[in-house]
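Letters A, B, C and D mark the chains in the order given here, with residues in each chain numbered from 1 onward.
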Amino acid sequence: MSQCPSIVAICGSIREESYTRTALKYVLEAAADEGAETTLLDLREYDLPVFDPDVDDSEQGDAIEVKRLVREADAVALGTPVYHGSYSGALKNLHDYCGFDEYEDTTVGLLATAGGGSYGSTLDHLRITVRGVHGWVLPHQVGLRAASDQFEADPDAIDGRRFCDPDLQARVEQLGHSLVEYASIDPSVSSSRSATATD
Amino acid sequence: MSQCPSIVAICGSIREESYTRTALKYVLEAAADEGAETTLLDLREYDLPVFDPDVDDSEQGDAIEVKRLVREADAVALGTPVYHGSYSGALKNLHDYCGFDEYEDTTVGLLATAGGGSYGSTLDHLRITVRGVHGWVLPHQVGLRAASDQFEADPDAIDGRRFCDPDLQARVEQLGHSLVEYASIDPSVSSSRSATATD
Amino acid sequence: MSQCPSIVAICGSIREESYTRTALKYVLEAAADEGAETTLLDLREYDLPVFDPDVDDSEQGDAIEVKRLVREADAVALGTPVYHGSYSGALKNLHDYCGFDEYEDTTVGLLATAGGGSYGSTLDHLRITVRGVHGWVLPHQVGLRAASDQFEADPDAIDGRRFCDPDLQARVEQLGHSLVEYASIDPSVSSSRSATATD
Amino acid sequence: MSQCPSIVAICGSIREESYTRTALKYVLEAAADEGAETTLLDLREYDLPVFDPDVDDSEQGDAIEVKRLVREADAVALGTPVYHGSYSGALKNLHDYCGFDEYEDTTVGLLATAGGGSYGSTLDHLRITVRGVHGWVLPHQVGLRAASDQFEADPDAIDGRRFCDPDLQARVEQLGHSLVEYASIDPSVSSSRSATATD
């Protein structure tokens, strides 16, 4: 692993006041505290038409730039609002552009925010689709229930929002820490086979 | 149920040569043979920006028209290509616009087409997200593996493509038949409680 | 549908103080109030060895009796504790004995009780495995979080346990009502094709 | 990681002629070729009553021994037949006995064998339930379709069964290789934070 891993967080909501985006900023701050270089990939800032495999990336708005950001990351945090018990179409559309080149050997952390109570299916669907392109999904994951109740106003906090529950904040920050810690799941370091190969 | 149920098929691929779209046309033809009025909702023909809950539908391209089509259907066929082991972002983006008003008490049939071999996760994710808005998902569902191998050229066939395997064609057509048969899952007809209520 | 549908509830926990079992009794009571004949299938009372497809049912403890109970039900309520984010092995072992003969055209309602907070994956896994044998799973489903906090002692209540939250109780009872209401999802009543066929 | 990692394979079928068991033996042989110590945990050889959280492990047949085997493994291969679109009750019953003590920081590889065509949901359900106890599930996984067609008789082969398709055999063996390679996903080796902490 590089001494200073790069972590990209992708926010699957384009709402101005998205709680997903706020939570991801907490993830990135925790990762930065561990020495990571961090980037928020905010879908409001990119032009990503609905994915069409027939069309070359160069004619698909900012597809090339977005794919480069994901591909060059050591680890990726995927955050999504819960829409109808699954991830957002916005997040999946970005994901459809990416593939093995972007995700293989990339460590991935998952976060979902629900307006109501259930985020389990959403995190499961994300886990399965990331596995489909061979990303390494961390066991630790975070769901926020009743997201608007989880924060209170604080002008000094990220996005002016402080977590009400320090345990939940710790879970969110743990995601940032784990992304750094496992940014490189690298058999050339940790396996006996590779150990021999690098002698 | 109306004597002539209306069935809408939604194609989650915008490729010109989409096998998903061809298969859905077979579904609709089978439904029409049972007396249904059928409509293909082709996402290439509608302007649906990435869903943003902050924005009113009237400012979201063709959102109002698309939602009306889904809401007025007695039954809906959802077809999607398998992208990274799940449904397409295009399909989910449409789905994000819809909700209980569109799906509650609507019968839904699922179809997925895979370039390779696996469609199971995709159908599962669709089933769960449709349940999230209380659609009635038929037990019968259809997956096409190695979709390009499932058809052979035939100028007289739908989209010029004939199914190679009559059993697979029968499974596809069964989806159309079942959508008609169960277009109205209506407790006011079949339950004792409602029977009393309508006396 | 018979005028008096039969509903069987299967409890996937064998704990003496199972909250799953208590909740299922509320489901059955609600179904009985709608006129159903109800049965609790309590796995503590049956001998069901680990399923082995090589062995004939007649040599598998009470397999034949358990299968008969499921097969003859008009509707089935499946209740499970959440063990490691999925249904219990006990419930799945019973389910492995059953098949299309037991489930095809049977209406199924799902309930899961979690010691902690998450029941979403559990309900999803149940929904998918029941679909695998073509059961009709109701859109309405019930999850109980932190199950031990959901009840308070009441000697007059079922199992001496009263729901703290009337909304949750209503959701549980709704499952019983819906099982009766949709006990027979019967195309021969509600579809135009069958209507013609029975003329 | 130890120089000689220990790999345990758990077979979720108790059929005499289980293809799942044969495939797991191929996984273990591939792991042994990479220097692992391997053990097949064959559920036919252990007494595991249906899991009851009320009962102490010491009174639950071989529960203590089975848990010890899983807990001491550096990596675990879970293999299951597809029963009704999900894992077997037998496998889940064993899994219900285990928990964080057995799985946290354990690398897990998944394999499913289907009599028919679909194994996707089964592998997904396994992946989610292993995540529930914080196992590290490898992105690489293996499904066998129409399992009885995948082998041909060969007296010199494992269980007298040779794979017909060398690509499928390679996928199975890759699971064994990856279990060794990633047997220790160990932040104390690979992360900057831990590197500092162990100075």
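Convention: a contact is a pair of C-beta atoms (placed from the backbone, for glycine too) under 8 Å apart; a residue touches a chain by one contact, two chains touch by 3 or more.
All values derive from a computational prediction rather than experimental measurement.
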item	value
Type of chain B:chain C copy interface by residue overlap (half), same or different	same
Between A-C and A-D, the pair joined by more C-beta contacts	A-D
When chain C is superposed on chain D by its C-alpha atoms, the rotation angle in degrees, nearest 5	180
Between chain D and chain C, distance of the C-alpha-averaged centres to the nearest whole Å	30
Distance between chain centroids, defined by C-alpha means - chain A, chain D (Å)	28
Whole-Å gap between the CA centroids of chain A and chain C	37
Sites on chain A at which at least two other chains make contact	85, 121, 124, 128, 131
Parts of chain D lying in touch with chain B, wherever the complex brings them together	85, 117-121, 124, 143, 145
Chain C-facing residues of chain B, complex	1, 3-5, 34-35, 104, 124, 127-128, 131, 134-137, 139-141, 177, 180-187, 189-194
Residue numbers on chain D that touch chain C, as the complex places them	14-17, 43, 48, 50-54, 83-96, 98-99, 121, 125, 128-133
